[in-house]
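See below for the structure under consideration.
Per-chain numbering from 1; labels A, B, C and D assigned in written order.
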Amino acid sequence: MQPLKLRGIIPPMITPLKGNDELDREGAIRLTEHILAGGVHALFLLGTTGEAQSLTYELRYEFVELVCRQVAGRVPILVGVTDTSLDESVRMAAHAAKCGAAGVVAAAPYYFAPSQQELVEYYTALADALPLPLYLYNMPSHVKVFLEPATVKTLADHPNIVGLKDSSANMNYFQTLIYHLGERDDFSLYVGPEELTGESVLLGADGGVNGGANIFPELYVAMYDAAASHDVARVRELQRRIMRISTTIYTVGKYGSSYLKGVKCALSLLGICDDYLSYPYRRFRAEERARIREALEVLGADCKE
Amino acid sequence: MQPLKLRGIIPPMITPLKGNDELDREGAIRLTEHILAGGVHALFLLGTTGEAQSLTYELRYEFVELVCRQVAGRVPILVGVTDTSLDESVRMAAHAAKCGAAGVVAAAPYYFAPSQQELVEYYTALADALPLPLYLYNMPSHVKVFLEPATVKTLADHPNIVGLKDSSANMNYFQTLIYHLGERDDFSLYVGPEELTGESVLLGADGGVNGGANIFPELYVAMYDAAASHDVARVRELQRRIMRISTTIYTVGKYGSSYLKGVKCALSLLGICDDYLSYPYRRFRAEERARIREALEVLGADCKE
Amino acid sequence: MQPLKLRGIIPPMITPLKGNDELDREGAIRLTEHILAGGVHALFLLGTTGEAQSLTYELRYEFVELVCRQVAGRVPILVGVTDTSLDESVRMAAHAAKCGAAGVVAAAPYYFAPSQQELVEYYTALADALPLPLYLYNMPSHVKVFLEPATVKTLADHPNIVGLKDSSANMNYFQTLIYHLGERDDFSLYVGPEELTGESVLLGADGGVNGGANIFPELYVAMYDAAASHDVARVRELQRRIMRISTTIYTVGKYGSSYLKGVKCALSLLGICDDYLSYPYRRFRAEERARIREALEVLGADCKE
Amino acid sequence: MQPLKLRGIIPPMITPLKGNDELDREGAIRLTEHILAGGVHALFLLGTTGEAQSLTYELRYEFVELVCRQVAGRVPILVGVTDTSLDESVRMAAHAAKCGAAGVVAAAPYYFAPSQQELVEYYTALADALPLPLYLYNMPSHVKVFLEPATVKTLADHPNIVGLKDSSANMNYFQTLIYHLGERDDFSLYVGPEELTGESVLLGADGGVNGGANIFPELYVAMYDAAASHDVARVRELQRRIMRISTTIYTVGKYGSSYLKGVKCALSLLGICDDYLSYPYRRFRAEERARIREALEVLGADCKE
């Protein structure tokens, strides 16, 4: 199988829900079209933003099938297979392959905190067993361990491991990866936090997996283009807009989940999909919803509800 | 349904495996009988020591069925249903109920780190949906959050929440729970780390969920009896034996997983079951195995292999 | 010099202040007499509860001199010399020796987080240079590192290192120390959190360095006596009283500093000394003070203000 | 007093030592001249890289006096006054002012972990009492707390608080500060980790406080100039050189202190000053020293020893 060198914006799609185990199918279709209309370069399903860990496997399978059919090859689709059970990850990947996905993404197993040596063994066994190329996913705040640079360097030599998404926000870490792996044609480096896409791409990253692209896909595509063409003045102008989103829509309430609640609430206000959140999270109530509406209006978005 | 007030030693059974997705069925039967022969008061399947998170659901279902059939009502069985998806937890509990389990145990969802308010909502929804009484499981090193005393006090008023197992090793925390809840007839408090069973029961806890009882069940039963009868001299004598296990069998290598590897290796040396560990862990190799053998011999155990 | 084998209650004395760099000398004298009247076995000045790190060295020197003169040999006095500069620790210890202190206490240097090997080298150099016996102080929440059991075992062989106070509340850790060092005549083990004095002494510790003994010294002495004589029923009865203090006086407000604010406020209400706290802390205001008064009254204490 | 709007490279100078309480005075003079020859814009004494916390106050006073006299006004000098005692910080600042320093720098008090409200009160009291402008210093890995953006925004309105140095490496945090404060003429933002100076200045930061500028001052000045003039190609070229230093000289051994040991060892090999480290650290031994020499030679530096 042929490694992907994807470049650009790969939105980590939220999973539109009507209930804890019920997909918002119409919402998912509208959201897919909304995102694709923004010119994004790929899609990433069932990541942290997609609440994958909170969903049943049946629902995850249904969602992958639905979105793959809707996209119909217009952009590559990556599917999150992060699990604490290696065999469940492989099973999820088989389903993704069958639906037409182009690759899968896996954070470290997140119950036990593995050592770096255990991570090398785990990811090697996983990549050996997968039917699709694998992107590593560094998410220390959720899985308790970093994929240390030496570990990533070792794993990057596996023929079926083709890239890494870093959501640590630790740019010392990410710069170390760029230094070691940034010039390889067969390995891609993406940054998670959208606040860092500009500087990351300016310094050599391949793109951003940015949650805000669920709401404003064209903004993040514009940022990628500006940074990839070294237009610093434009990057700084777009950065202010991205930071306005970050410091308003993602910070209502004092929840660890404010970002996710804000994105789903905004999409609901824009008439795109339901804002149900699966446990342990609950959607915003009226007062918080009013603050998201206000933030959207300041940003010039057109609220439908 | 009638709440359980279990007292005593409830071993968190390891899950005997032959491969990453293959149960060691004969080993599981031998281990069940070995543990029951030690006079334990109940069994706990699919906890942290049971590697539950690393196993496929099919294997977990098979294991619960096998052990429940083997035990055949001789002691109550608790089943771990910890998951990041509430609906998968409920499904697992339904299976446990069908197999004849007496209760279920759930740590907090462990990918996202929920707030205390979210924990109250999550556990309330879970307890409402479960067909069996629920024991809370405080495991902050793995799930990143404490079930704070105020949260536990609130949840303890739910009619279907009947106890808590604490694996934090933070005795300030556990003493606070004993102070608030220790005298209730409808709520039980167990301590996870076996190094703390003596002092916990002396001070009012209801028992221990101690991994060493996979190997030496009668030792932990003796400790429970000594502490429950306030025999301090005997507690201190047994404590030295428990600490000898803790400081030898559980600390070979410098792994976060040394405890689990040690327990499985010891059971293999005693001829009880295979020592395969599911990913991300690997079993001990020859040199480490030799050190476990030596520790067992010093403890007077009879190695078969 | 001859090692101390102190047993019993060693209150970590608060430092009575009138301002950020002004000692409450009359309060310090009253507090000393109040504590000694409770039958405590020693005194510990300038620990965490003594706000040592927040005070100028001049004030610390003055305080040690004042209390040593007031105690006049009635009980041994230990002095905290914790610093990030080894030479400042030695200087403080020289002053303590001159004033007649019996030993010094040092947590790890707390700006850089040292490795275990660096801790061995640091404490060895410190103990070599000190004019008084040294007690180690395990305080991981403040200094970011544990003094691991292997490190403590190594240091315990230094002729001038004579004991350890553990404030981690991690009883797995403390039981490991008791197992390795509890039977040595030349090394003492004390527990910091007063909620754990009962069980610690029952299981073999030498005493408690309990902050509540500033307020109710006789209670903690009674707990020590009950535990040292293996009177479990009495331990459990006293434990309830200690937990009532812990869950009321130490938990007003949601500060990390609630414990310290509560102790100082209580002493002020009892007419013993001023409740000024040095930066970064501020004393309780009227509403919180009213809650402390209420808690004291429930406990039967006689508020003067 | 008039706020400073410093821009550029402000090396956090190491403190050359001959022993734990003995300054390497000749080394300090040579190092000062070496750094100034690189065209830096200011100097920062007694920060983390300067081992301030490990030094006696007498030695710190002597060092400030020596360097201020040597610099003789050629560049502004900032002096670290971080302490756990507010009054000791003020005393240090008075000395710095007397010696001719232009400003002082203070991380949060680092024994107790203060709340954000306590940080506001602490820094306000400190800034009120200081004779020189104050730069905040965000150093969460050492002081255990972040100066959260809302806290910084509040403090930035104090007339005597004129900037912030961030050593968190969390660029989400730093971008939030740039968004809120980056356009103010009376507040400066500097980044600590030199791996991030390029992207930080490209996105709007005012400069870097980069430890590598002790060794190669002209390299970091070149990076600042390239980034300030938006020359992305040049930034990426210089970034590779900076990362080569970071991944070789700063990572010999597996110490938390590898960076500091590496910088001091390199300066010793270049014949500039002694490489003694104060406790709890020890200098590199022969084998590690050989690896630093090799790294320096690959970088084209001319080792004298």
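By our rule, a residue touches a chain if its C-beta (ideal position, glycine included) is under 8 Å from a C-beta of that chain, and two chains touch if they have at least 3 such contacts.
Source: prediction; values computed, not measured.
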Original post:
Can you list every chain that touches chain C and also touches chain D?
Top reply: none
Original post:
Counting shared numbers against all numbers at the contact of chain A and chain D, is it over half, same, or under half, different?
Top reply: same
Original post:
How many angstrom lie between the CA centroids of chain B and chain D, rounded to a whole number?
Top reply: 49
Subject >> Geometric centre distance via CA averages, chain B-chain A, whole Å >> reply: 35
Subject >> Residue numbers on chain A that touch chain B, as the complex places them >> reply: 20-21, 48, 53-57, 84-88, 91, 108-115, 118-119, 121-122, 125-126, 141-144, 255-257, 278-282
**OP:** Please give the residue numbers of chain C that touch chain B in the complex, ascending.
**Re:** 169-173, 175-176, 178-180, 193, 195-196, 198-200, 202-204, 230, 232-233, 235-236, 239-240, 243-244, 246-247
